[in-house]
């Protein structure tokens, strides 16, 4: 897997919800290489370390990558200040991405909050055979619903307060889908509690489950070992894997959620 | 073309830029960008005799112009390194420096003995890692600890031995002298400075280890001062590091007395940093009509 | 309105923000911008019994997110202070902290004795200035030196005595304990870290004193770590400083264990920094519905 | 003397020689307070410490200050990037300024290189009774000649290489003026060697001489004591004064040039 580093022009920029930005950068070679679930590592003005952001969509024809991120602290705040025409210093594509081997049956793509963006490119591979379950705090935080629908996915939106879509947790909606049967795989990104609950469900129903994890990063390429997450092998041996290199996507059954 | 070669304890490096231990893994992670042969040397991830898991995450915190890490010497152990990483590294045409650590003097000795049987070029004895509970920095903060360790290890060490010093000390010069007198062939400094960050929302330390080692440009002036003091007091070569981010920093560190430099955290924001520094040095030497890079080492003229 | 008052060694400050010694002169220079009464206290420029010229210029160098200084305790001597500055300061409605230094134990003693006769509120014993050849930090880097000094001075000191510690040490906790056991009423930390910068064009140190003390945001993580370690080991109050630049930093330092904070270099880029920090603290406490600022002191919950 | 600190809009910007910029900022109160020889302390993007820059001209009617500076390092480089409409974070007016009491006879205003800017506002007070002697490395570095002429000054330009005006040092030209007589005061800013030579000349000819000094600064207001320069009292006692507070303008006879 090849990655590169360079400055790439911003060709699209939109605020798609309060404090959530949707950027498009022109980087043909990187777009060519990239796959769903991988991320890029961005040098944001005014801060020291790079910031990892998932690849939300890949347009190989246009040579662009779409990045959707929320303003959390100084890094993302400064990043959001960039304009169309400015350049973004990006390393990527990084990490392993989802294993999207298609099998018979449907796949469920589960995104929680700012975990939704990587689900877009992932679900694209399944198109109409994808069910998407997207969870948000409230109506004002809902993003990318239309994008998922445009892919042909069957989309369920859940909000914590019921202000939009169904009220409640994504896991309830996922459980219903599992009970309906015909689901072969779960792909998920979001808060650790959500991922853990999905891992349990997946085990229960015997479906494959891949989760995309987050951890604070340094190098982004596996050289500094800071982005550790605890994993276990089949025979139960625990180890620290690294989100940037061994992940960000892991088989849910490998992850030690309370590591 | 200026001569970029430097000699550290009998080992010739094609240029004075080495990637710092712990910031460059076992060397494979940057090969997509440039060949390792561009580098004077690579100091490999801190290694122990047995495999170590390292500390729980989060292991990194950002600081003004710097960072803290608390990796805690995660590594697969020396046998795994020899089997899985060394063969690859040997083909890369750069000087290989094994960074060696442990919990006890015996640990260090058997590791150094094992490494001495391999094709690595130099051993960097890490007695300055602030992120492990036992060993590591414990040996590096007193003259007796440091001298005792070097004396013990020296017997097993068949490679040029460079000792990596901790900056978390009152008097780095005496420690440097102590390791020199026990037979170190070179010293490298500085390892990280112990620091802490707290997340004021959760009221918890950002690092799961509570404290961690600070590096990056923030520490550069401290590193320059220590390199200058140590280089003035020792006869063996000093390899300088701590916050080097661009070629000007490398020149400054070399003028302070460093025979070569290591580059660590800077790679996290600019993975090309070590290569750019080599190029910058080359350009600088040509502009200034300096024949050999070694001609600038220790050339700072202090005020009276 | 949240209660911003804090008590340090029996002295009540209206808020926990003190301007750091050496960065606020004798208090007159910022009065065009805001009254001193906005501040919890002012720690005055380091003072000696006799007038001192200080070091030759340049005395300042910029560093990534920080600076070096080598002022070297330039001051007009205690009598001049008492005659020319103290009367003005006494009208300013803020806590006055005299920062006391010297070359010998006797120097310190007679200075402290003289200051004890005045209306200053507290004495900050500076045994950590890295910029003078004699005295200063020499007393602050060993337990014996620090303890001996505090023991001697204590006899002459009729004011609350705060001892300012040096970060240039292997074990700041033992030094803090030593000064506590000799009767210090509080400790303040950190003074500056010794650093150096070289002008690569002239090949001369930027500072005429060759080396200088580093401060500013770059050192903040080191300061937080030391304050946390010291506060956990002592029963007397700890005043924290080193790189505080905004209210979030003050909160972080207080959570680490500081009963109050000092703000130094930040004023050089933002002269309003201490006032903004007071306002930020006030706003934070209200937002978080915390009644008293002292409720956050030492509240960091370390990981196991 | 009152100073203030704030962000003020840039209302003029020009590159008047290679790497030398001429900015105008809108700051009516500061302009009202300011006098010739004072300086402002500027927070430049991307660097930690403020940078001191002399006041080149004061337009009280328009409420503006003119600042002319050369790009030297990172601070001035970033400052030069600012555009009309951007704000500049400025403290000022700082320092003591020139003592421009008018006496019978002429005054000579001597500027060396980037020491020329503060001479403009200073010479304005003397108008046609001012002689200006401006020294530059070569023709490409000549600045503010026309501005001085517009004030009615009698301007002599010297260049080191003779590529413009007279060849040679400003001190030669000043000496000629002194020999002509009728000169009552010298005001000068520039390299230390130039200032020292002028101080010697002034002493020789018994004219008052004020020099504006430079030193690396922290606070800019007298609080940190870093900007020391050695001075002596009439009875020869030496002390460190501070450029930001006791200066930048000093009586030449007070300055210990090899301090």
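Points worth noting:
Think of it as A, B, C and D in the order they're written, each chain with its own count starting at 1.
To be clear about the criterion, a contact is a pair of C-beta atoms (placed from the backbone, for glycine too) under 8 Å apart; a residue touches a chain by one contact, two chains touch by 3 or more.
This one's a predicted model, so the numbers in the text were calculated from it and none came from an experiment.
Centres computed as Cα averages put chain B at a distance of 47 Å from chain D. Between chain A and chain B, the centres computed from C-alpha atoms are 36 Å apart. For this pair, chain B with chain C, the centres built from the Cα atoms lie 33 Å apart. Residues of chain A in contact with at least two other chains: none.
Chain contacts: chain B has residues 61, 63-66, 216 touching two or more partner chains. Arrangement of the chains shown, judged by which pairs touch: a linear chain-to-chain path with two open ends.
Inter-chain contacts occur between A-B, B-C, C-D.
Residue ranges on chain C touching chain B, taken from their complex, read 61, 63-66, 68, 141-142, 168-171, 193-198, 200, 203-205, 208-211, 214, 216-222, 224-225, 228, 243, 245, 248, 251-252, 255-256, 299-303. Contact residues on chain B toward chain A in their complex (touch as defined above): 22-25, 28-30, 32-33, 45, 53-67, 69, 71, 74, 216, 265, 267-272. Within the complex, the chain D residues that touch chain C are 2-5, 43, 47-50, 91, 215-230, 238-240, 245, 259.
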